[in-house]
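Shared chain: chain A. Partners: chain B in the first complex, chain C in the second.
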Partner chain A sequence: MKRYTKTSIFAYSIILPSLLFIFIFLLFPLLYSISISFRGYKYGVPTGEIVWFRNFVDIFTKETVAPGFYESLLVTLKFTVSAVIAVVVISLTIALLIKERCITSTWLKYSLLLPYAIPGVISAVVWNWIYDANFGVLNGVLFKLGLIKDYVGITSNPGLALWAILFAYVWKFVPASTYIFSAGLATIPDSVYEAAQMDGAGTFRTFFKITIPSLMPVLQLVLVMQTIFALVMHFGLVFVLTQGGPGSRTRTLAWLVYMESFTYTRFGRGTAMAIILALIMVVFIYVYLVLLNPERQIERKGGR
Partner chain B sequence: MKKIFILMVCFFILAASVFAGAQKEEAEVPVTLKFAGWTYDLEKVTENLARYEEWVATEADTPIPGVAVEMDDAGYGEFDTHITTTFAAGGSYDVLYSSDHWLSKWAEAGWVVPLEDHFPEVRNYIQDIAPYSVEAMTYKGKLYGLPYYTDVMYFVYNKKMLADAGIKAPPTTWDEVKEQALKLKKAGITADPMMVGLKAGSWFDEAFFALIYSEGGSLIDKNLNPVFRTDSGPVYDMIEWVKGSINDTKIIPRKVLEMTAVDVQQAFKKGDTAFAIVPGYMIREFNTPGISDVAGQADVAMMPGKSHFTDGYSRMYLMGKSALREEKVKQASWNLIEFMGGETTVDGTKAYHIARRWAIENGLGFSVLSLWNDPEVNKVFSNMGNTEVMKAQKEKAKSKEGISAPWFAEWISLVRTEVQKAIIGEEKTSSVLDTIKKQWVDLKRE
Partner chain C sequence: MLLLSTISRRKKIKRVIVICLSVIFLIYILSPIYWVIISGFQKEAALEDRPPHFIPKKEIVTSNHYHFLFTGDIPPDSTLMLQSMYTMSGTLVYPAIINSLIIALFVTFINFMLGFPAGHVFARYRFWADKKIFLLMLATRLLPSISIVIPMYILLNKAGLLDTKFALICIYTAITLPFTIWILKAYFKNIPPAFEEAARIDGCGYFKMMAKVVLPLAMPGIIAALIFAFMTSYGEFVFATILTQTIASKTQTAVLAALAQGMSTSRGMIAAAATLSFLPPLVLAVIFRKHVLAGVCINLKI
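Up next, the complex of A and B:
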């Protein structure tokens, strides 16, 4: 029989508050959400019926009941892949510019954080003003530059709406990744770069053979973080800027979850969709962890 | 024996004092009503609520002292979500605003209660309220509320712009709208001759139904069956007309897909457009110097089209289920609804005080027929535009068809996306109409 010593009791008592926190704020809501997804709702009221996986099946099979699920899935994937690539490329570039002392101003370095510090809905409202078709700043600038004859709709343009949201999203989420990359770059010893330089490696070779492999754990973290953000945290922008339109051009899964739950008041189906969204996240994260695992990289190159 | 008698007397005195104390306490327990409304002129709403608190303690038929009203507000666009989340989480409101297209859903969920079940006298108001408004406040044959304000979608035009282009009278058909708009565009008077807010959110529904009704179109019949053709007919024609006006003739700018009626109001006030479809209460600002660049130039015409019908919509006061928790709360809630939406005696004068105030000070429309006889109200509306036309348009207003179905709110939000798809050419109009017809049938079957 396992004996509890004073030390182990003390250890458990120390982690108990954290465990309670995890249970109350993470585990319980998760389990409760899963239980909701197995229930039937009609006009916001539980029918009392346990429908098991019917909500999930309906989402994939009933086009008119869960309209545009596949369309939304495609829009979501398009947005997520574009957003993650854009955020990673831009933030890594800025981090390298900071490391190479191309950006030296302390004021500039700290002001880079500003977009991330602004609450999501507020930044969405600000972008709404910027994009506004009647008095927007962007229209004003383009008009003054003579690039447009009259103020035009940006978020109502089927070809531009998703990219307008993407732009606003990237603006907000680049800073956090920039700082993570900067921290990662700071951990690479200068001696490694000096050795590469002595061996005659050029800028690109150094970047791809030293910087990127050394940054792999950080890159993995940024990719996981940004994928989770891109899948759900664009919601405020869609809500404020387009309401999923024009047509279904910006109707992402996160938006559909909101509509199913709070406009159609089908909490069961809305939660089922949210779980599907979470599963998509898990797939992305699994792919990153497998593909970008540093140990796997070493094995692939014949090491160990 | 003497001891027993003394003990009994003491017991009765004690019991009587406890009973009296309890009664006294009950009479003095303050009532706090929870009230939810959307964010519109909150200063005035707060004043009205403060006035109610005084009135209900002194002048109401059944005075209740110590009533306080706590108000919660959310934007109109998010109001349904706010209420849904509150009730689904087990919360409630005693009195709340509602729009016509939410009533059936909330009533079906049991979140709001039929007023006439608890206060049958509410039916006395029916004779003085426009029929489309009564219809909008009725679910399964029972009256649920009293009107907050009731309005119709109007076709507004800029007289000066038309005169400058040599146009003598406003258009009466959609073909004439196109013809005149092209003339205005050609003359360089405006680049965007017509605007109607078609953003997939607030006000889309009113604009959509107004367009359909104007051409004599019908979507859903009394038995809640879809009745529109998907390959021709007024519904098809109007969607095609809007689509052509945006993409081909460009008399309507594409940006209307990101504009609500409020944005259209701003554009009209700036003189950016000659024709607009807007809710009645927005017209007041058009002719108000200082806040409108086109003051004195705006007027109202009958909605163009074959039938000239328009959408009439109602916003109302409802009683939430929590009002039934206690008789006093229920009475105070009814008093609040009647004070805000009905006819009450305040300072010795019997009138629809709050509806009248909204009409005079904010130009909000009303469905109380007798208010048209009020000279002050009439004066305000005659400054807004041609009163005769406005009255005639009100008579040609219909509530949204299918609104009594609890799935209406869900269906109409699907319609917004589908109609936008047709307008931007993502799908053919006939295919969009097929989809929205099938969605209605499926939702009804569910």
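Up next, the complex of A and C:
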């Protein structure tokens, strides 16, 4: 017991500075946000009135006071589900292509470094230029191919805006999960595939009977991790490409929080929304870190 | 013989499909970068052509946009209408990139000084509430920045620290440290502790052991973690755009996002600015590609 205490004192003396940083600049603001959400704000200044849970109740019940909350919840859901599916399908496909060891494999593997390294919001600037309604290259390509008669606004089109954001989002977030899938695929021994081939299993049967089951732990991790990302990491793209528009077509929860807080300076309600968003994410974070626990994968495998 | 030939034919078809798909994905991945780099070197008037020049000819190539970004000199040959497109916010790009680099380098250094020993402690010692602390740290990090930024704004406003590099450095350190510690903890788990024990038996003190034995062994993991910390803090946007107001602390992400909003800003200049902005992390990622690739899945244990 005494030894344990001594180790604890030593360990805490080493990690204390790190913990202080994390406590002061992450945990404390989060706790403080609860106090903000209980206050009323007018023109960015606290009214001094403690309204307790009224901000939360307003968001859920008063459509006139907090417009568009459910709508934005729906947009967020639509974006998150499509983004997760798109990222997982595309990155798994690319990982399988890399595994084929063609001449293109090395190219694919290293070219993915570029979107991975480019800061998210800079990629938004790049895509903004590509989508440009007057001189954008996407319009140019479609025009040259004869698919459109005149240049069209892409991010200003109500039907297209969210998908334009999705297309750019996928571009940025595919690399990381591709690398993870690649690492997962590498753990499946070649002998298993050879045996399947001997037994006459086709490409699709091999994929569904061998690849997917062997990849299950990795697949689960990527799914949850991508959900955590997709819920908020599109903020930079929305900021640069659409500002939540046209109308409210791309007004996701993250953007609504920003609007409430910094456009309308209703910090109390904005913070309340931010807390709701954080609570949604806590569910996925719990699943990711505790139920799936990335570090426990190896033990699970060893026990099999 | 017949069976063999069908198998080889199937293999050929498969190969063709693989290469076709790979090329499609390569175009998707690389073309935006190609396009933005090319655009940065084209004359503004040429960028307005329909359809655009997919492969620029010699007469439309120019380095004026870059010249403007570095010196603030408006290209002399441009028309009055064009001159107005070189907005003064363009001159902020270069200092903003310097700001970003300064902030990211500080954050990376603090990450090394604090994260390296902390990761080691989490990997090697069992102590009071170690697992809970570790989990809490990671969970806090995964919560959305947009939830943290509002209270942060109010707190920093009270403390008079809005619009300072200092505030950004501290926040970025806090958001990068959990991952740095996570990556390093996972990396240390793969190094047998025997080396450290041997060093201790030979009478090596803690600090000497960390510097002379642990540091060289853990170098690949440290590089992976630090590059990740650098890229995260260099490219962070939510805090950067809300907590900064002037060029005293504005980072390249905030400046670029604002620049891209301008309806009548020179598109060539924006493209050149974007290219300059993503160059530092890109060069780093290419140089340390092996470490970056390993770093992505280091803590997944697959």
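FYI, the second predicted complex is superposed on the first by the 245 of 304 C-alpha atoms of A that agree within 3 Å, B and C clash if a C-alpha of one lies under 4 Å from a C-alpha of the other, contacts with A are read in each partner's own complex, and residues count from 1 in each chain.
The working rule: a residue touches a chain if its C-beta (ideal position, glycine included) is under 8 Å from a C-beta of that chain, and two chains touch if they have at least 3 such contacts.
Every value quoted in this text rests on a predicted model; they were computed, and no experiment measured them.
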item	value
Partner chain(s) touched by A:228 [first = chain B, second = chain C, both, neither]	second
Chain B versus chain C as contact partner of A:143, first or second or both or neither	second
First, second, both or neither for A:134, with chain B first and chain C second	both
Comparing the two partners chain B and chain C, which touches a greater set of residues in chain A	C
Touched partner set for A:244, first chain B, second chain C, both or neither	first
First, second, both or neither for A:262, with chain B first and chain C second	both
Touching partner for A:79 - first (chain B), second (chain C), both, neither	neither
Partner chain in contact with A:153 - chain B first, chain C second, else both or neither	first
Partner chain in contact with A:169 - chain B first, chain C second, else both or neither	neither
Shared chain A contacts, counted only where both chain B and chain C touch the same residue	134, 151, 262, 267
Chain B residues within the chain A interface of the complex	80-81, 84-85, 87-88, 105, 108-111, 191-192, 199-201, 253-259, 263, 266-267, 270, 272, 406, 409-410, 413-414, 416-417, 420-421, 423-427, 435, 438-439, 442-443, 446
Chain B-facing residues of chain A, complex	42-45, 62, 64-65, 67-68, 133-134, 150-158, 241-249, 251, 259, 262-265, 267
Parts of chain C lying in touch with chain A, wherever the complex brings them together	14-15, 18-19, 21-23, 25-26, 28-30, 32-33, 35-36, 39, 47-48, 50-52, 54, 110, 114-115, 117-118, 120-122, 125-128, 130, 133, 135-148, 150-155, 170-171, 173-175, 177-178, 181, 186, 231, 234-238, 241-242, 252-253, 256-257, 259-261, 267, 270-271, 274, 277-278, 281-282, 284-286, 289, 292-293, 296-297, 299-302
Complex contact set, residues of chain A against chain C	4-5, 7-8, 10-12, 14-15, 17-19, 21-22, 24-27, 29-30, 32-33, 36, 90, 93-94, 97, 100, 102-105, 107-130, 132, 134-135, 137, 140-141, 143-144, 151, 171, 174, 176, 179-180, 183-184, 187, 203, 217-218, 221, 228, 231-232, 235-236, 239-240, 254, 257-258, 261-262, 267, 270-271, 274-275, 277-278, 281-282, 285-286, 288-290, 294-298
